[in-house]
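So, here come the structures, one by one.
Paired with chain B in one complex and with chain C in the other, chain A is shared by the two complexes that follow.
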Partner chain A sequence: MKRLMIVDDSNIIRSKIARALGEHGLEVVGLSPNGEDAIERCVSARPDVITMDITMPGMDGIECIRQIRRLNPTVRILVVSALADKATAIQALKEGAQGFVCKPFTEESLNEAIGELFSED
Partner chain B sequence: MFGIDLGKYRTIVISIALFLLFDLGVLVLNFFISSEIASDAVNVNLAGRQRMLTQRTAKLTLQLQNRAEAGVPQEVELKELIGAFSLFDRTLSAFESGGETASGDGKPIRIAAVDDAIAQSILAEARKLWDPYKSRISAVIERGRADPDAAGALVVQAEAANLPLLKLMNDLTTRVEELAASKATLLRAVQVAGISLATANFLIILFHFIRHLRESDRELERARKETDDILRTTQDGLFLLDGSAVIGVQHSAALEKVLGTKTLAGRSFYDIISPAVTPKTLDTTREYIDLLLRHDVKEKLVASLNPLECVEVSIAQGPGEAESRYLQFGFNRVFESGKVTHLLVTANDITRRVRLERELKASEERAKGQMGLLVEILQVEPATMNQLLRSAQEGLQHINRQLREQGSAREVGGETINAIYRITHRIKGDSAALGLASLATSLHSLEDILTGLRERPVLSGEDFLPVTVRVKGLFEEIEAMHQAVARVAQIRGVISVEAPRPQHDPGVEALPFVKRWKDFATRLADEHARKVELGYHGIDMETLPESLRESINSMVNQFIRNSLVHGIEDGDTRKRRGKPEAGRISVYISARDDGGVDLSFRDDGQGISVSKVREAAVRAGRLTAEEAAAMDSRRIVGLIFEPGLSTRETVDEDGGRGAGLDSVKALVMQLGGQIRIGSTPGEYCHFRLSLGALPSLARTVSEDEKEAEEAAA
Partner chain C sequence: MDEQQLRIFVGIIQHYFEQETGRPAEVGSPYLCDPSQLPVHDFTGVIGISGNRKGCVYFSSPREILREMLLRAGESDVSDENLADLAGEIANTISGNARREFGHEFLISVPIVVRGTHQSISVPRDVRAYVIPFRWHKVDASLVVSVM
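Moving on, here comes the complex of A and B:
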């Protein structure tokens, strides 16, 4: 079972993601409300996949991705954010995210994106 | 070959290897045969020497005999004889079975036995002659001197052996020479064959190579031509970007047109797009291209982030002229050994598409506006609506006249503005009162312009330009509303006339009674300069009892007459009201389960005017003006079935006497049934009669009542 960590400053979004992906065979191993907490938690939680918000108080998602990449080069990162512009998404991918889903998302789009994250092509 | 993939060079490599192999083979053979020829040359020399040695030996035996007979010392001759004898003997043995002898210069030399049957047989014969000769000589040598007898016997032996031995050695020499010659011939043959093979191989290589070269040249040429054709004819701008975002040497001809720039090859893509995009888009583009060049990010994911999906650019059209266009760039990765080496970029001018999309959006918004307009129109009574639109049109025409009169004047007085403002304000008030919000808004914006003008101290005709433009817009808006009103009227007509239609049976149209109604309607229409179409649906009247049939026929004829006299308008009025030029009458008759019959008669004429009926009732003295005014419209409409009442002021054969619909009422009373009337002024009039099996009751409904209400009544 893949281990999932959710990083988002909104409690509602966190539980929505947890519900959507938890029901599709991912084990939620960590919930973080901001970047700093995510980095700390990432070491002990050892997630296989992280959903990452971009706009958060304190450290933003882009910086968080950069730092998590250094700690864990193999973890798959899915950006789940109300991406205001393409530049942010490009930045996230350059920093090492493997996919993105725009808010508001549906359960299907989220699951599809997670599936894409682990597909080979 | 050797685990190395030689690809297209395989044939050439094999050919060259063969060439080397031939050369090496010829070289080895050459070496071998040459060394054999060299040893044969020694043999020829030695064989020749044997010839000479036979002569010398014979000569020395004679000299030895002379010395012996003269009794003089013979040591010198004896010594020479020993040398010649032993050299001949050793050489003979060496020829026979291999061994050592002395060469021409006296050095020891080892030779192989002569490997030839003929030479060996010569040697065998020589041996037979030599052995007795040899034993005589050996005996003399062993004694150390020769007495005259022994010398004589030796000479006899020598004379017997000498010539045959000479001949044999001659033969041997010839034979050895022949052997050497045949090897030389073989050597030449080998050399010729080797060189021939090498040459042939070389020619094959050359031929093969040239053919391959030509083929690849042809393929290259074909590929180049195809690429050229594609690049020349494609409507897309196509080019390659390398890892530094530099445009490749080849690109489609359309690219220059799309980008509006020439000499693109070798230039940085960013330099080309930078004048057209914002610095932020340019930065995003850089990041995007960097991301595309990284093969670890999925292309599908990246594709959705293209910042150049739709870019508005200004393309120079000539000196000082520029045109705004929309470009779309598409990026595709080019892989080589799993790595992204280039990006294939397509650039398209999507101006037409973008404009069409915008037009579509605008027209959707307009349509939404028109929907709103229709809703507004539907809420207003058609006659009132027409009245407002007419008055608005007149008001705008008045404004136009004012503008024309003042337009040429250098200075315009405030009175003009006030006059225009008053008209505008009045129409706006009327529109707002009827709930026509969109028209009111447009008029309000005209008021705003006028208020702005009022505040200016001095005005010229040109200042009225925005007013003129606005008024023109209002004319168009009112015209659109006119059309919408007409369309609404049409729709209302269609819906209300067609709604209760039973299953249509085309056969009934041909029934004789229907034909008679049609003829009657057409004749009346001709007389009144109108056009009419009568349609029938329902049962064949022949199935009804004769008395009922005749009553219905009479009622329908009366309704037809009523429609053509009072209902259906002339062609111009109908067109103005958005109706088809020919009036439509629909008749249908159906048999009810209770044995009664329903008759429906409907026309799309002007309907029943309550005010006219009211006036007619007063004129006919049926009601006083006060009574008429107090009576509600439902009851007023019911008066059309009263005898001696007609809204028509003149009397002719078809109407005006007021003796039409009262006869219908009388028949209904007689048969037992109900009459219901539905009508909307300007749109339709509908009589519905339920005959038989029902209590006799004449009922009418007011002109504005809807069918549903009638049914509920």
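Moving on, here comes the complex of A and C:
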């Protein structure tokens, strides 16, 4: 079972992602409301995949991806953000994310995106 | 903010409610509003705009809409905490989606949520404020765009 960590400043979005992906075989091992917390939690939670918001209080998602990449080069990162411009998606991918889902999202689009992250396994 | 740019926000509201609830919002005609008369409902999510534009965008809703949206999404916790969270998340999503048209230099803040209809929301004095009224689940709510 893949281990999932969810990083988003919205409690309801964290719950929504946990419900959507928990029903499809991912084990939720961490919930973080901001980048700083995510970096701390990432070490102990040892996730296989992280969903990452971009706009958060304190450290944003882009910086968080950069730092998590240094700690864990193999974790898969899916950005789940309202920022719908191409430049943000390109920057996130450049920093080490493997996928991007734009809010508002459906359960299907989220599951499909997670499936694509592991399609080469 | 011209008519075409306001239409971007109208489209985003329609898409948001359709996607999240399967039921589109009925969006009315945007109108220019005196800053002292701006609508404020039970929960208001405010996003500051900076970068290539300046001002703010806010989403203001009665609790009935937020409560119904949470329940439809399968969220059983409809506490005020979660209603406020949703108001902030909607404001964030609408403003973030606007970057598709306004570009990545349309910088958005994290949401600030104001509770209560007796509150007033400060918008920049030198920027026109447009109200985009809409109705969902037979209840009226508003998006206010005050961006130059």
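Convention: the second predicted complex is superposed on the first by the 119 of 121 C-alpha atoms of A that agree within 3 Å, B and C clash if a C-alpha of one lies under 4 Å from a C-alpha of the other, contacts with A are read in each partner's own complex, and residues count from 1 in each chain.
Keep this in mind: a residue touches a chain if its C-beta (ideal position, glycine included) is under 8 Å from a C-beta of that chain, and two chains touch if they have at least 3 such contacts.
Note that the coordinates shown come from a computational prediction; the quantities given were computed from them, not determined experimentally.
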Touched partner set for A:116, first chain B, second chain C, both or neither: first
First, second, both or neither for A:85, with chain B first and chain C second: both
Chain B versus chain C as contact partner of A:94, first or second or both or neither: first
When both partners are placed on the shared chain, which of chain B and chain C touches more of chain A: C
Partner chain in contact with A:76 - chain B first, chain C second, else both or neither: neither
Overlap of chain C and chain B interfaces on chain A (superposed complexes): 85, 87
Parts of chain A lying in touch with chain C, wherever the complex brings them together: 9-13, 15-16, 19, 55-57, 81-85, 87-88, 102-106
Chain A contact footprint on chain C (complex, rising order): 15-16, 19-20, 70, 73-75, 77, 81-82, 85-86, 88-89, 92-100, 103-104, 106, 108-110
Interfacial residue positions of chain A with respect to chain B in the complex: 85-87, 89-91, 93-94, 98-100, 116, 121
Chain A contact footprint on chain B (complex, rising order): 280, 283-284, 287-288, 290-291, 294, 297-298, 300-302, 305-307
